């Protein structure tokens, strides 16, 4: 069953874009149909509440590929398939404005989806490593779609950072192989107590650094600002929204399912990781504040926001984990929406830099309307979704962290929220209230906003709002999942 | 006393006879006489060797009817006989291979004198191998020096004459030092025959008197013989002397003459002085150091040599260094290695000189490396024998040159600081050997049509090629069946060192 | 019967190869038939010997009663002989196409075949003396192959090669003599010198020197320089000899020296082991770094070989059975991968006339199969699952971690760094070939053709092997484990 979930997108990606008959539209409809089927399958699997497992492959006695659907995996795969569906719809229209081999784009898009699902559904560390490497490899071509020199450089940088991170992980993996009862993911961890403790801690730290590369944690965040501006907007959206979360899920699995939160609480690993995560939160927001290119600004914003998630994870409490899971969901929704907006602004109005947003709201009202929702959610203003997640993370930090951290963490988070407001609100305001001295824009009237571009956007913005207004359902789900872990 | 035991004496008389007769013959007949002499001598030595082996004996032989200490004695055993046999075979093959060059290099009226000198060389070598009397040893090293100089000067080219004069000077210095050493020894001990000398020297050393004089005497004799055999740093005469001579002479000089002096030195060390006294006097360590120095320095000089034959000659100097290194170790296993080295080098070096001459012929008579490019393709058989010789010098297993290396290294273990000196010297020397020998071997096999002006292949001359091929075959044989030789030598050493 | 099994595979190609130099072939076809028959027959003989041979030694020459030349088929011999016998026919097919337009074919083919025999001699050697003999012969037999183009560079490369190799042999000679003196030169697992009574310093010093000596052929730093220079040889030579036969003979000789002659216990834990390990670690990092800087395609692969060989030597220097298994695994896997990579480079050289990496922009479109195979090779070399390179790196990693000593773990980290560099310098080519930038220079349509079938079939075969051995490594692993326990 799980094998099907992974295999179906891969096969779709390999076959349909190249071999489907007819023109662009029929091919596209087939793709959409396939994706809808995928979503339904996944939803059914999750809703059934069963824990599916499957052993796919036994490479050697120490290396196996196995899949399992548990609570954490369910969150990720649902997010993934839904985002993919929305992005697919968006990209139909968007890619009309791009020049390149569209078929290849969809191929790699779907294959990446399959690999990503594999990463989330992995039942043990080795399987996750395998799928993680393959995800990096298969998502790289998405970035270099435009084939300019800069795009290729960005893609290649992404690849090298990811592979480098994967090798950090491999180091830790090899050390842990001997020092755990099993490499399967079990809640509470599988470490053998008292065995080479310092080496094991160092290994875990390396793993966190390695996965943190994908999650944009300082000091390995550098690929994000280079890769995002050059990738086409749908790709950037998914990269920031979902693919970076592959790194997050890696860290999550290692901390809670291999090492065990109790084993790490109070160690230097926790301290250093918290420091790095908090620093990244601050640094990302700071860099976003000073950046003028909109997509790059969003990239830095992702760096910062994802480190919120990491902070929540490093608190090592149930509340923190819950907050992280919520933040993953809400950040995905908001960031994908923001990248859709960026894409619309580029392809419909040619606006890349924030300084030129003046008066743009008049021309793209729907877009800017959704911009407001997404921004509010990202900053963390109630009653939008982002507030809920950030609240839980901050309160978890306050409760669960020792000494100075307990106060430093919420302070940093607050500061970052202010900065976030600082880099998101001015463009909106400028868009709506351009000031009287603005010369009339050429063709300054309303632009046509195709529904394929705006519908996904509206859905996401609505989600941000609704789930913020009525958070109980989602919070209780996350709480249950977090409770099962700790 | 069996008839066979007379054979060494017969061969000495025969050679002296041939020497005298050659004076009145013309070149062609003198050459035939020499060949006959060498063949006969080889046959006689073989019989002697078999006799000694079978009986496992070593005996002394009185020449003439005068008893010691005035008369002349020979001591004949397995080692001496096998060395004499080796020298005979190598001289025979060198002479056969080089005859055609002799015919062109030496002026026609003087050719019978050339062959006369070859006979003289042979007789002196025989005596150096067999003599039991130190003064006879001196006499015949002088005679061999004169013969060698004449052989060298026979090629009346300017360079050869200069080389021969330089050789003469060095050689006479060497002989002079040796003579002084002999006189000192005689005046201290009053003996000339080896066994008596041995007793006297041992007694004197233990008594503690005359130690310094004894050491000086031994040192002088050693230095004298070292100069004559081309030990570093006295080797400066060697490259030109061996390099400028005609092929047969080079072969004889490199292959056997310098070995003759070494054989005498070995006899002096083991049968006059005794290995213990030799070690105690400290001269042994000096030989080791100089031997090692020779191995390295001469090889480095070979790399820089501008002409082919000079390079091969420097290689000879380096190989002599190996021998002295072995003598400097002083154990029986080292002596075994030294014997192997003498054999292997005596078989290989004449082959290299013969091949070099042939390759030069195929390159318009020039021997700078530029002209030799691709010479192997023009004269494949010479190229083949040169390759075999080069590989043997480098020490590829299955060829003769590997065996002495192996035994030297085996002998080196357990000797304290000497172990690493020897091992490192072997390694460095091998690497240097590769740099010039294999480099040259590659050079002669490269396709060279565009670079040199000589295009035609040379018709192989059987007279030159066959002896070289025979030597190559012997090389391979020794390399593969060294066990038999090792057994022979071990047996001989046991008898020799009692 | 045993004796024939052992003798024929070595003598048949060696003697026939050397003698065939003097045969004048009437046509190219007849030449191909002749050499094809000889090589295939030799391979068949080898495989028969591997499968049917008993474990008695066959002495074919006696120097003294202790010093003999003998052959024996033990586990290690099976592995190395099997590898050679499998790869020689494959390379021959490739060379039929590649060497079509070269000169001096007589010399090439006769020495190519002769080298086969000599390599088998190294594999089957029962004691150090025999191995030393064939080791020297290998240098001599492969020398004409390196110099085959007879250009100035080729001749210099050949001279460099011969000087380095013979120097290495001169150092190894010390080890040979030491073993003879200690009566320890027969190859048995576990060696003879564990209880050595003599000077331990001498033993360790001799070991270090001989390891470095044999390691020269395995391109250990600082004596590696001959290998990049030798990449001027025709590609079949570089591929087979300098990726498989010569260099793996060096590694095999080091294995024999360490585990079968001296014995791991004799040297383990000493300064000699540390010295040797440090040298291998330096080589790993050095080789990978130099490969990064290289712009010449084949030289880049040559430096990559330098680094990968030291993976094997690093594993050898750990001196445990687990490490030996990993070393053999990498020996086998790397041979297959590297030969395929060189084949691809050769195809590009031959059919595209391109030697430098920056000329490869967009070439994947015209040589798709070639570059598909090269992509497989890149993934395998970097260690991306599911290809075989991952498996061998994993086992080396495990072996290093299990020693729980600082130096091997440092070596493991160096290995990962090298893997990252590998990713960079291999994927740079892959990305450039498949995703040319718009601003770059695409090749003119007629100038590049896909490689011929004789070149493609071996490449595809090897790529399949990479994948299969990556997916099903267990049987090979068991085979190796069994082989090294004998």
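By written order: A, B and C. Residues from 1 in each chain.
Definition applied: a residue touches a chain if its C-beta (ideal position, glycine included) is under 8 Å from a C-beta of that chain, and two chains touch if they have at least 3 such contacts.
Quick caveat: nothing in here was measured; it's all calculated off a predicted structure.
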item: Identifier of the chain whose CA centre is least distant from the whole-structure CA centre; value: C
item: Winner on C-beta contact pairs when B-C is weighed against A-C; value: A-C
item: Intercentroid distance (Cα basis), chain B paired with chain A, Å; value: 85
item: Centre distance in Å when chain A and chain C are each reduced to the mean of their C-alpha atoms; value: 44
item: Residues on chain B engaged by chain C in the complex (per definition of touch); value: 391, 394-398, 405-406, 409-410, 413-414, 419-420, 423, 426-427, 430-431, 434-435, 438-439, 442, 446-447, 480, 482-483, 486
item: Touching residues (chain side chain C, partner chain A) in the complex; value: 379, 382-386, 391, 393-394, 397-398, 400-402, 404, 409, 412-413, 416-417, 419-420, 423-424, 427-428, 431, 435-440, 471-474, 477
item: Chain B-facing residues of chain C, complex; value: 61-64, 104, 129, 132-133, 136-137, 140, 143, 147, 150, 155, 158-159, 162-163, 166-167, 169-171, 173-174, 177-178, 180-181, 198, 202, 205
item: Chain C contact footprint on chain A (complex, rising order); value: 57-63, 129-130, 133-134, 137, 140-141, 144, 146-149, 151-152, 155-156, 159-160, 163-164, 167-168, 170-171, 174-175, 177-178, 196, 199
